Structures are given as C-alpha cells and as structure tokens.
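For reference, the structure is listed below as structure tokens.
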Amino acid sequence: MLMRPDRKAIETIVRMALMEDAPWGDVTSQFLLPADARISAQLVAREKGVLCGEDIFTTAMSMTGEVAIEFAVRDGEHFAKGDVIAVVGGQAQIVLQAERVALNFIQRLSGIATVTAQYVAETAGTKARIVDTRKTTPGLRLLERYAVRCGGGHNHRFSLSDAVMAKDNHLAVLTHSGTGNLTEQLRSGFARLPHTTHVEVEVDRLDQIEAILAAGVDTIMLDNFTIEDLRAGVQQVAGRALVEASGSVRLDRVREISATGVDVISVGALTHSARALDLGLDYRPIAAT
Amino acid sequence: MLMRPDRKAIETIVRMALMEDAPWGDVTSQFLLPADARISAQLVAREKGVLCGEDIFTTAMSMTGEVAIEFAVRDGEHFAKGDVIAVVGGQAQIVLQAERVALNFIQRLSGIATVTAQYVAETAGTKARIVDTRKTTPGLRLLERYAVRCGGGHNHRFSLSDAVMAKDNHLAVLTHSGTGNLTEQLRSGFARLPHTTHVEVEVDRLDQIEAILAAGVDTIMLDNFTIEDLRAGVQQVAGRALVEASGSVRLDRVREISATGVDVISVGALTHSARALDLGLDYRPIAAT
Amino acid sequence: MLMRPDRKAIETIVRMALMEDAPWGDVTSQFLLPADARISAQLVAREKGVLCGEDIFTTAMSMTGEVAIEFAVRDGEHFAKGDVIAVVGGQAQIVLQAERVALNFIQRLSGIATVTAQYVAETAGTKARIVDTRKTTPGLRLLERYAVRCGGGHNHRFSLSDAVMAKDNHLAVLTHSGTGNLTEQLRSGFARLPHTTHVEVEVDRLDQIEAILAAGVDTIMLDNFTIEDLRAGVQQVAGRALVEASGSVRLDRVREISATGVDVISVGALTHSARALDLGLDYRPIAAT
Amino acid sequence: MLMRPDRKAIETIVRMALMEDAPWGDVTSQFLLPADARISAQLVAREKGVLCGEDIFTTAMSMTGEVAIEFAVRDGEHFAKGDVIAVVGGQAQIVLQAERVALNFIQRLSGIATVTAQYVAETAGTKARIVDTRKTTPGLRLLERYAVRCGGGHNHRFSLSDAVMAKDNHLAVLTHSGTGNLTEQLRSGFARLPHTTHVEVEVDRLDQIEAILAAGVDTIMLDNFTIEDLRAGVQQVAGRALVEASGSVRLDRVREISATGVDVISVGALTHSARALDLGLDYRPIAAT
Amino acid sequence: MLMRPDRKAIETIVRMALMEDAPWGDVTSQFLLPADARISAQLVAREKGVLCGEDIFTTAMSMTGEVAIEFAVRDGEHFAKGDVIAVVGGQAQIVLQAERVALNFIQRLSGIATVTAQYVAETAGTKARIVDTRKTTPGLRLLERYAVRCGGGHNHRFSLSDAVMAKDNHLAVLTHSGTGNLTEQLRSGFARLPHTTHVEVEVDRLDQIEAILAAGVDTIMLDNFTIEDLRAGVQQVAGRALVEASGSVRLDRVREISATGVDVISVGALTHSARALDLGLDYRPIAAT
Amino acid sequence: MLMRPDRKAIETIVRMALMEDAPWGDVTSQFLLPADARISAQLVAREKGVLCGEDIFTTAMSMTGEVAIEFAVRDGEHFAKGDVIAVVGGQAQIVLQAERVALNFIQRLSGIATVTAQYVAETAGTKARIVDTRKTTPGLRLLERYAVRCGGGHNHRFSLSDAVMAKDNHLAVLTHSGTGNLTEQLRSGFARLPHTTHVEVEVDRLDQIEAILAAGVDTIMLDNFTIEDLRAGVQQVAGRALVEASGSVRLDRVREISATGVDVISVGALTHSARALDLGLDYRPIAAT
C-alpha cells in the first residue's frame, strides 16, 4: 500500500524532462532510422537494488509515442544483479528517443530506494524509522520522497509550509531579539499555528531539552549528539515528545543510533548524495512482419 | 570567460524550487520570528572544493526578499575547508526561508564542479578533455553543464536535437532493417542532416572503425574499450575523426585513458553520481538598530 | 505578526486575473482617455468591516503601471463605514484599467475577514478557535486562508496532502472492506504516515469515540452534534485529543458551541458563502502640472 | 442550446484546483484505504436550485482517476430538495480525493445559477434581461458567466477588451482634461474603435442623456436611478439606444425595475455574493466482486 | 493616441521568443567575445516604411541584459530609406545575442504597418476604413493588430469570442438543418447573445441582403462582390447596417472598392502575406574606457 | 523519411493558437448553430504548391472536438490548383470553430514549403543545398523549419545555442578589443567549445578567408559576394571547409549562385517573407440521420 505520486504531477515533470532532452526532436533516430523499424528491449539490473520508477519510466516512453511495457519487478521490490526488470517494445525511433530520460529517472530513484533500504535494514529490531530531509533535488522532491518510501523509509515534512521545524538559528534569533524567555516566546508562536501543524524543535545540548518541552512540542530533534547523549536525551524526554536523531548520519553508524531508543532518524544522504543505480536497456531489433 | 546560464532560465528554475519548498509560506519563520529581526550569515566550506552556483544562490535569496550577498569565492575557483565563500545579510524570516533551496543548488553544483576538477587534474599534460553526458538531473541540465565548465571540464552535446550520436542500438536497427550496407545507410542519413550537425558514432570493437569512418563522421566513440584497444583505436583513426573514450570511466582509471591519445573522455559520473558538497550557513543574529 | 502570502504567489494570481480581465487591453481607457491624464482616488468603505488585501490590491495596480498607493488601514484592522482605507494616484488609463481586478480581490477577501471576525467575536472568553475549511474558491485558497487570519481566525489543514482527516466515508470503506477491526486498521495506517502528519478523525456519534481514540489521533471531530452531545463529547475525550466541532455552524449558534469546551470550530461559511464587502474607489481628476 | 465553456479551458482550471488541493497526494485516502476498495455515491440536493457544473464536476473526477458518472439533472435544469443529481462510482481512493474540488465547483456555480434564476423569474413578462458584471471571482469568469446563462440570465461584456463602458470617472477625466466638449471628445474616441466594438456609457442624471446620445452609443446605462427616473430615462432615450439599469440591484426591487421598460438589468450580486448551494455526496461502499 | 499592447503580454511573447532562439545561451558571443567588450549600433532602414515595434524591440534587448536604446522614429511614423530609427548601446555579448529576436519582431511588424499604410493611403477621401482579419500569425495576433493600427488601419473583431460573424457556411448549416426560415433562425439566435456582441453576417449575392437585414444585424459583409454589385449593395442597405467589403482585396483594387461607399474593407493580406521590412543593425565597437 | 515535429510541441503551439482565437468560445457557432448539425468539408488548393501541416491541421481540429480527417496529399507532396488535399467531417460547431486556426497554420507552412521547393528546383544538378535562417516567426521556428524540409530544403542551426556563427560584428569586436591577432583569438575561443559544436564564420571579402581557415572552421560563409567572388571563394577554400553563400538571395539569382560550387545557400526569404498559400475549406452540410 505505497502512496504513489499523482499522475498529473508525474506527467508535468516528465514532459519537462523530455522537452529538455529533445527540444526539437531526436536527430539521430529520426534522420537515420526507418520509421517502421521496431525494437524490443529488456531493462536489466547491472547491480542489485530496490526498484522505484515504474510509472515515471512508463510515462517517459508513452509521452514520446506508443510503447508496450511490462514490469516484472514492481516499485519497492528487491532485485538481483542480472534480473530483467521490465520488457519494452515499440517503434525504434520512439524507444531510442525516450530511453535516456526514462533511465535518468528510474536510475536516480532506484538509487535512492536502494540506499534507503540499506539504512532501514540497519535499524531492524528497533522502533527507529529512517526518514528523508528537504535536501532533495530541486523539482523532484515529490518523486524522491516516493523513492524513500519504496526503500522502506518514511517521509519527514514535505516543505516549509506543512510543519514547524525550529532550528538553532531560529532559537538564536528569538533569544537575541525577544524580550520574554524562550519558552514563552515559543509557546506564544505555537498558539497561533494551525492546530494540525506538527511542531518540532532542534536542540544541540541536553540542557536545552526542558525549556523546549515546556513550550509544548511534538518532536524534539537531537542534532549531532553523541551516542551517549542520544541515549540520555531519550531518557530525559521520556515519551513527552517524539525524539529525532539528526546530523550527518552515516550507514556505518545508523545501527547504534537506532539502538539508543530514538523514534526517528533523518538522513540527508538518502537524497543529496545517492548515486544513480546501474540499470540498462539491452536491445534486440525485431524482424518486420 | 565562463559561459554563464541565462538569467531568465535561472529565474524559472529557482522560482519552481522555491514554490516546491514553501508552497504556502514558511510556517516556522513567519509564525515564530519577529518581522524586524535581522541576521548575518557566512557561507562556509565544510570541505574543500570548486565553487559553482553564485548566481543561483543569489537568485534564490533575492526572489524570497531583500538580502545582501557578497561572494569572496567566485564560480570556478578552488576553496579550502573552512574558507568563507560568501557573506549574507538580511531579514531573518527571508534568509532562513531561502536557505535550504539556495544550499541545495550550490551544494549539488559545487559537488559536480569539484568532481569534474578531479578528473580534469588527472588528465593534465594530455590533450584529452573531460566532458559530461546526458545523464543529468531532469530539469537541471543547463545548470549541471555549467557546473562541469566551472570544474574545468567541457560539455558534450546538450540534447538529442543538436548532434547525432549513433549508438550500438541504432547500428543494430540499421543492420537488421536495412537493405544496403551500413556505410551506405549512414552516409545517406548523414546527407540529410543540417550541415551544422556534428556526427558521432559509437563502436564496440576495433573492426567496426573503418566502415564508420567511411560514412564520414566527426567523432568516433570507443565504448568500453581496454586501454590497449583505445591506443590501437587512436592509431587506426589517425586523425580522420576525433576519438572519444566512453563507458564507466572512473577517477582511478582516467589518467591512463587520457594517456592513450584520445581527444575526449565522457564521464557520466560527473553528474549522475556526484554527491552534494558540504557547504553550510553559519548564522549570527544582528542587534536591532 | 500575521503570516502574509508569498509575493511570488500573489504575483502569479494577480497576473492571471489581469489577463482575464483585459486580454488585449482596456478599450475604454485607451481609446478615450488622454495618455497624460492623471487621477487621484480614495478607497472608501461603504460599510464597516475588517481589511484584507493590501498587497494584492497594490500588486494589481503596480502590474498594470506605475501607481502610488498609501494604505491608512492595514490588513487585519477594523474600519467604519465611510473610512478612507487607501489613497491612490497615477495615470488615469492605468488606474481605471486596474480598478475592477483590484477591487474584486480586496472586496472578496475583506468580506471573508469581516465574517470571520464576527464568528471570532462570538467565541470571546472561551478557548475555542474559529478555523476555515477546504471549501474555498478554486485557485484562491492561499489568499482566502490569509483573509481568515486577518479576521482573527485560524487555519485548518491547507490541503489533502498535509494532514489526515478521516471522515465517515473513509470509515465506512474501512469497515466494509477490512478484515480486522476499525481501531487496528486505523492504527496500522497511521503508523505509515510521516511522523509530522497530524491525524484527525470525524465521528457522528458519541459511541464511536473510544474506538477512534484507541487508534491514536491528534484531533477528533464531532460532526453535526447537538450542543448537549458536544458537551458530552468533550467530557468523554477528556484531553486525550483536541476536539473540533463541525457541521453547518452558523453565526447565531457559534457562541453556544464555543461554550461546550471544544477546542476548534470549523466553519465552511467563512469562505464558501462570504459576500464581497462594499468598498469603492472615489475619483478626482488631477489638474495637469 | 447553452453555449458551454471550452473543454481545454475547463481542464486548465480544474487541473489547477486539483493541484492546489492535493499538491503531493491525499494522505488520508492513500495511507488508510485499500487500493481495491470501490465506492458508489449519489450527488444529492440538500436544497432546491438550478444546476451548473456537469462538465466541471466530471472533469475533476476524471483527471484524478477513472470514475463513472451519470447525471440525472442537466445544466440549466431545476431540481428539488432531495433530488439525486448524479450517480458516481469508482475506486474509493479516487472518488474521495476528488470529492471536495468537484463539489467546490458545482456548489458555487449552481449557487450562481440559482440566484440568477430568481432574478430572471422576477422579470417575467417584461423585456428586461438580467445580466452579469465583471464582479466575478478572479480566474473563474468563464465558468461564472456560464452559470449565469444556466440560470436563464444573459452575459454582459466579458472583459475590458471587448466593449467600451465609459463610467462616471472616464467622463470626469475627459471633462477635466479635454479642450472640446464632451460629445465631441467621445465621438472622436469612438471613431477609432473597431467597428465591432459595442459602446456603452454610464450616466448618473437624466440631464446627461442627450449629450451622450449625440456622441453615438449603443447602450446607455442609468446608474443608481430611482424607479421614477428610470422610467423617465427610458422615455427620453426612446429607442435611440438600449437602456441598462445598474447599481446595487436587489432581488426585492428587480421586478419594479424591470417594469420601467429598461432593456438590461445588470446585477453584481449574481457573482460577487452568491453563496455555495448545498449539494452533497452520499456514499455507499461496494462489495468487492 | 495609439492603443499599445499590454507590457505583461509583450514580456510573455518576447520571453518565449528569446528562449526559442537561445535555449541554453549564445555560444558564439559567450565563447568568443570578451565579457567587457561594448558595442554601439544603429537600427537603420534599408527601405522606407512605417515603424511598429518600439516596445517589443526594447523588451527583447532588456530581457537579455542591460542595453540603452533611444528611438528617433516612433511607432506609427514614416521613415525613409537610410534613416536611423534607433541607437543601441551595451555589452557586446548582450546586444549580439538579442539582435535577431529583436529584429525578427520589428521587421515583421513594420512590414505589416507599412503595407497597411499603403492600403490606407489608397482610400483617402472616402469613408472606408481598412481593417485586419483573423488571418494572423498564431501567437502574435495582439502584436499584429497593433501593427495594423500603427499603419493607420483599424481592427476587426479580435477573436471568435467577441463578435458574431456568420459566414456562408453558417447560413448553409442553418438552412439545411433548420425548420423555420433563415430570418427567424438568425433572429432567435441573436436574441440570446450578450447585448454587447456586434453581429455581422456575410452574403454572397445581392438578393440575400433583405432577409439578413430583417434579422437585425450591425454589419453586413459583401463577400467577393464586383465593384458594381458593391455599389448596388451599399444603396440597398441604405444605412440600415454598416457595409463591409471582403474577399481577396488587393492593393491595386482597393481604391475603387473604397469609392463604392462601403464603410469597411477587410484585407487578409495585411497580416497573412506581409513580408518582413528590411531593417538592420549597423555596429561599431566601442573603445574600452 | 521526413523528421516530423514532436507531437507534444505541436500540441503546445496549437493549444495556444486555439485559446488566442477563441478565449471564451465561438459565439457564432455556439449561439446560432444546432448542436447536432454535422458538416462535411474538403480542403481544396486554390493554387498549386507543396503541402506542409497535416499533423498541425489535424491537431487543431481534434483539440476542439471530435473530427474525422483524411489527407489525400501528404506533407512534402506537390499538388495542383483544384486538388482536394483532405476531407473533413464532424459536428458543425466544432469544425467551423477550428477552421481558421487550422487554416492559418497549414496555409503559412505550405507557403514556406512551396517557396522552398522553388528555390530547390533552381539548384537542380548542383551540389548546393537550400537552407533556412533564424529569420523565422517567433514561436513557430520548429514548424517553419519542418516546412523548409517539406519543401526539399535543409535546415541551418536551430538557435544561438547549437552552432557558432561568427559574423562581421563578432569579428569587429574581437579586432577592436583583442590583443592578439584574429586567428589566435578565434582559435582560443573555439578550443573551449563543446567538441560537437559546428563552427561557421562569415567573411565579407576574399582576403579574409585565409585568416579564418587558419583558425579552424567547419563552414565559411561568403556574405553578399558577387557571383565572380563566390566562384573565387570556392576555389580558394578548396574543400578545407564547407562554403555557404548568404545575403539577400533571390529566386531569380539562386541558380547562378548554386553554379558557383558553393555547398550551402541560406535564404532568409524562405521564412521571413513567404506568403500564406491559398487553401480553403469548401463545406457541405450533412443531412441528419
């Protein structure tokens, strides 16, 4: 029961990508290939991973022309090196024109899903969930967040508009400019928020926690804490809010972070540094009938 | 004399990114911070690298509100860990709202520039140039190609529309469907192209080269060749076309590739797998005057 | 400290409205009036109310040409019948072309702000807040929600994307299609949500409350409850969630609803049925200098 | 033979509304409901009225996913409280996601059609037609004018571009700035207009009429006239132009206005203050087959 | 007192044209020219004509970068071969990048203005006005109609939406499908139109005129009539409607058409076949200061 | 094997044109014609020519409503005066609404194709190809270049972005501002270009040729040369680059130009001054069934 991106949104993004890649057509296919030549291809995994991008891949092909596509692996499923992920067939001019855009999307998104799955696997047996951040590619956040879900991760807030996240700088401004104490300032700001707005505040030190909790928050983020301090933080919060660990979380450290009892671990690297997964299209021309 | 992206194009991309990140405003800054609070910040390098993104960073801030920005490092210049790249000052609500989008762009683009510079450094003393591919982020090709130039690399064709690149699949379709021989088929297709269209053809084996050259090409791409075969290919082409080496080029192998005498080395990893460079904004609230 | 709509968003909406109202210019002003004729005007309240629309009014004028505007009443402030809200001056062709669009916005938004202020006044002395719904004008939600804030109201969720609101129909589908019991089904769905997503569930009867609370919700909505049942519902929930009263809330009934102890009262009529407030521009030609 | 809005225009407006209401999907339906759950619903009239919005309602559902819709009442037809207007069936996730947008449109437009029909009924037996104004919702003029037609009303000019309407302010500017007399100034401006441009001029007093008629106008608008003066104005114009009555026309006064012999009565309230009609979707889950 | 196109509309069209002409920059200027090189240029008439395009030319330059422009000839004015129309100065990279787009607009529009002026000159001393048709370039109607006005011509209806023009095919459909007689059918259709909609009907023969006039029309169009029949038509209509002559009107025949007493002569050739006027930019590099 | 414009691009252009021509519907067809009236029509050639615009014509009809279209002549084929090019059938309201836009496109594009074919015919027996320029209609370059191909011509570079074309002004700036000699300046600029970028340089005199060739160019353009000088230029270049003749090439002079041995002749008149070809729709109402 994965929540899939809206098809109108996908179409808008894919149309933009196709126009970027062929603003006035594909001179290679159109000038060189016979219009009636057909082709069959297999989308093959050159390395193992987790799939993300069925609909996007299909849309990239279909917006270029009529192409038949059958996926053997579905979004969110694991595959091994050498697996055939999908079979594609259609007019050679169309398939070869759409190939790069379709691959650019599915490789990038599957790269994110695959990395996410690695982080998620490391947290097995704990209650910690792996979540994304706003460090996504401009224009692709909707898709990259979907990729995180395909990898078994969860999403953080979508944007600046749908949850409060007060960071060190916000607190510094308040401290610097305010007249009252921080707890009062936060409480008064929170009171004006929509009642559906989740409130999260970041702290850098354990001794900040009580003042923040007193203002009434839903999640407290412990930023760049040591493992020991994370554990102390969880104990101090004691269920009065969710606890999120954050700050340059790496794969080799995520297991011990998850063991501290935190509820949420946010990982910028899921999206800002995931590399494209190596998927390729292997072609086979089709005899004309 | 770097060719910079058009400001209208930058504005379009940045506007889209800002709307994606705050579709109905930044609830944190707007509900919590006093409207008259001001802030100063330094854009600091948390690791060394090559800068790309001055204009984009500035545009992201300026489209959100009035912000003063001074860059100490310019696009294409190297910086060391700890260097102050820019100084930013303005209304706290504005700067904190625009921060993430501005950073997402400049971190990603500087990541690409930095990786490119590493590849370029490896080819020092040879005539080989490092070029990008079409494996770019959908919607950001214009910017990512600029990042490659900032790193000292060169650009390949921009899109499917502005140069012919006949790959193995195109040749297979021609071979399979055509009646004449391959050289004739290519020659007849090339004859209909605009006279300004560069023609490049990919080969997988040395024994394909003569047939391709006979059709009249500007560049011949040797795909996934061994070092030895690259050297043999260069000798066989003997100046009758430019020679491009391609296929999973890695940093640790690029020097020996460049030493084979090829003219061009295309590297998908410059864009499809570059990680965001670690740049951060360090804040300092300003006393009201 | 009102959160104002983003200026890029305002510009997009106003540009659309101006193009709709004068797709190829204003034939009256342009064919009849001398280009150098200037005009001065007062925006006058023909009835009392609460203002909303300063920036939108100004943008509508400024995107048409150069116009000087000074507001004497600010967004969120009350004014009396006959008050001068703003003074406008500029080229007659420009001001008369932009007038209708500028008024259409400010009259509609001030109408919403004014009605909201009436509801808010009725709840004085209680903890209940008046909030809007998704029953807004297509395309104008951002502005209409701002109008609600100007009137002293609060906002509910912005869209289907940023909070869960499970209504009777969602529960009916779950009951009908599911295998487990409702509490379990909800709990399992909620577990997959982003941790920042607020969860609200609607109930029609008091006896539904415990099953819903057991699933873990942030807000419970009592839909179309009698005053007596609202009071009973508040007691039963007993602080375990926020309580929202909903369902055809009218101005003459809102005080007694607010007295039941509910936290939130959502009122569709704030936006779906607010009439335009009667504001007008009174002109005075200016002698040429 | 109603002139229906263009389907491309409808699609553009509906797409915008759907993206506004679910920028990154419907978290309630998608996280809670099984993808294969289906639903049936009836669009029921909670009060009597005149329908407007068939195509818009259908488009809102269809752009979200596959939904079957059958309308029993057609645009422009009257219905009674309790009538079933349409039957809807499809995937529960889709129908529940599209519901609010579809309703927002059809409720608002049917509200306009219903009010219009009330005004039109009051003018029965006279030659006066009820027409709309430019006091429409920004972005929805095309639809709201259609709603007026569904209610039996007629349309005024669409925009500033397609007919001249010289109001008191235009006349004041001309008087103030011109050298010649008003009749001459108007005549010379009208002479430059496209020959297809209808010319209408507003007067505030009976003694202005002759000077305006002398300039050659198609319609003369009597603004805020008493019943007695309207009657005198009609007699004075004596068929030399159409006569339009205007100015805060209310339902309880429109009959006597129409009895004065005017040709056209323009009513801003048709659009600027119509409330949404109470239409609702009643659901019934469908057993899986 | 020319009605100029809206600046927002001009910006939209020019932006599109600039992006079409340099989707990712001007490789010639940017790769070859020093960024600090400045240039001065004169826009010179290589043939005589009437100017149209000041604002568009200026916008094309200004949206590319900072350029100073001074026009010596204004829109609507005649110029001789060799005249300097404008002086341009700025960064060489900018001016040379924008040159072609700026010229494409001003040459095409001045071509239309010039041809229009020739037709208008031929009708001197008659009451006939020269008007355009809907045979304009897709996307440029707003500008091309302005060019017709610059040439001294008038505009016909802008689009299908703002005036009725019933042609032979409409009449044929009515005759074929209707039950009543044509006059009745037309009258009943006209009765439902907005009262501001101008009604024009085309006839092919003199004997159609009475039936059409009886339905009540504002303009009657005599399509492809001989000079003799035009004169007869004018006499028959006798002021009961405006008379428009239409149908392959050529410059060498327009004088005798205008002498028949018709009110309006519509000329498709003004826009569908006007050639670009020969205007060029003559450059002079500027010594650096 | 004509390269056809992308269907997404066609749809975007046609949608814009349809909205321009009927922003709020076709009042003539919709208010006058019965909705069930059907019509049949033939697209007839009123003069001979070469066709271009099948897909665009069909798209204009289909985006308006359901219309059946069968083309008897295909893009690129010659037709005689009186030939039936296509047969169209559908709802009268739809066909008559779409007619003008569909014709505007196909007449203009066929006009270009026809003129191009005349130029191409004049060069028969020579190796010279006729190519277009950037003097195209803003917004229609993609279509107009396709029209040139339909007429048997070839395309030049699409835009400023995909090939270098250094003209007299670029050379003047370099000469004026540079320190080194021109050959060196050009060579150093070319070295930074993408290796796929074609380089063309314009010369005005024979004595410039050697310095340009020495910089390494792909094409040399001889601008406004006499026939004699063209012949001398071809001999001097002697195969070291392609030779393009340019500058006010007229139909009556193109044969002798082509006989000089140049490879390419660029003709601005193909697009900047082509008149619309006279194609018309002849209608026949259909009896209802």
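A, B, C, D, E and F label the chains in the order they appear, each numbered from 1.
Operating definition for what follows: a residue touches a chain if its C-beta (ideal position, glycine included) is under 8 Å from a C-beta of that chain, and two chains touch if they have at least 3 such contacts.
Quick caveat: nothing in here was measured; it's all calculated off a predicted structure.
Undergrad: Report the chain pair from A-F, A-C or A-B that duplicates the B-F interface, where duplication means over half of the contact pairs agree by residue number.
TA: From the options A-F, A-C or A-B, the copy of B-F is A-C.
Undergrad: As a multiple of 5 degrees, what angle does the CA superposition of subunit A onto its copy subunit F give?
TA: Superposing the C-alpha atoms of subunit A on subunit F needs a rotation of 120 degrees.
Undergrad: Roughly how many whole angstrom separate the Cα centroids of subunit B and subunit C?
TA: Inter-chain centre distance comes to 44 Å.
Undergrad: On a C-alpha centroid basis, what's the spacing between subunit C and subunit D, in Å?
TA: 22
Undergrad: Which residues belonging to subunit D are in contact with no fewer than two other chains?
TA: Correct list: 1, 22-25, 27, 31, 34, 158, 161-163, 192-193, 197.
Undergrad: Touching pairs of chains, all of them, please.
TA: Per the contact definition above, the touching pairs are A-B, A-C, A-D, A-F, B-C, B-E, B-F, C-D, C-E, D-E, D-F, E-F.
Undergrad: In the complex, go through subunit D and note every residue touching subunit F.
TA: It comes out as residues 1, 3-6, 8-9, 142, 145, 158.
Undergrad: In their complex, what parts of subunit E are in touch with subunit B?
TA: Within the complex, subunit E touches subunit B at residues 15, 18-19, 22-25, 27, 30-31, 34-35, 63.
Undergrad: Which positions of subunit B touch subunit A when the two form their complex?
TA: Residue list for subunit B touching subunit A: 13-14, 16-17, 20-29, 31-34, 36-37, 39, 92, 96-97, 100-101, 104-105, 107-108, 134-141, 159-166, 168-170, 172-178, 185-186, 189-190, 192-193, 197, 268-269, 272-273, 275-276, 283-285, 287-288.
Undergrad: Spell out the residues on subunit C that touch subunit A in their complex, using ranges where they run on.
TA: It is residues 1, 129, 131, 154-158, 161-163, 192-198, 200, 218-219, 242, 244, 263-264 of subunit C that touch subunit A.
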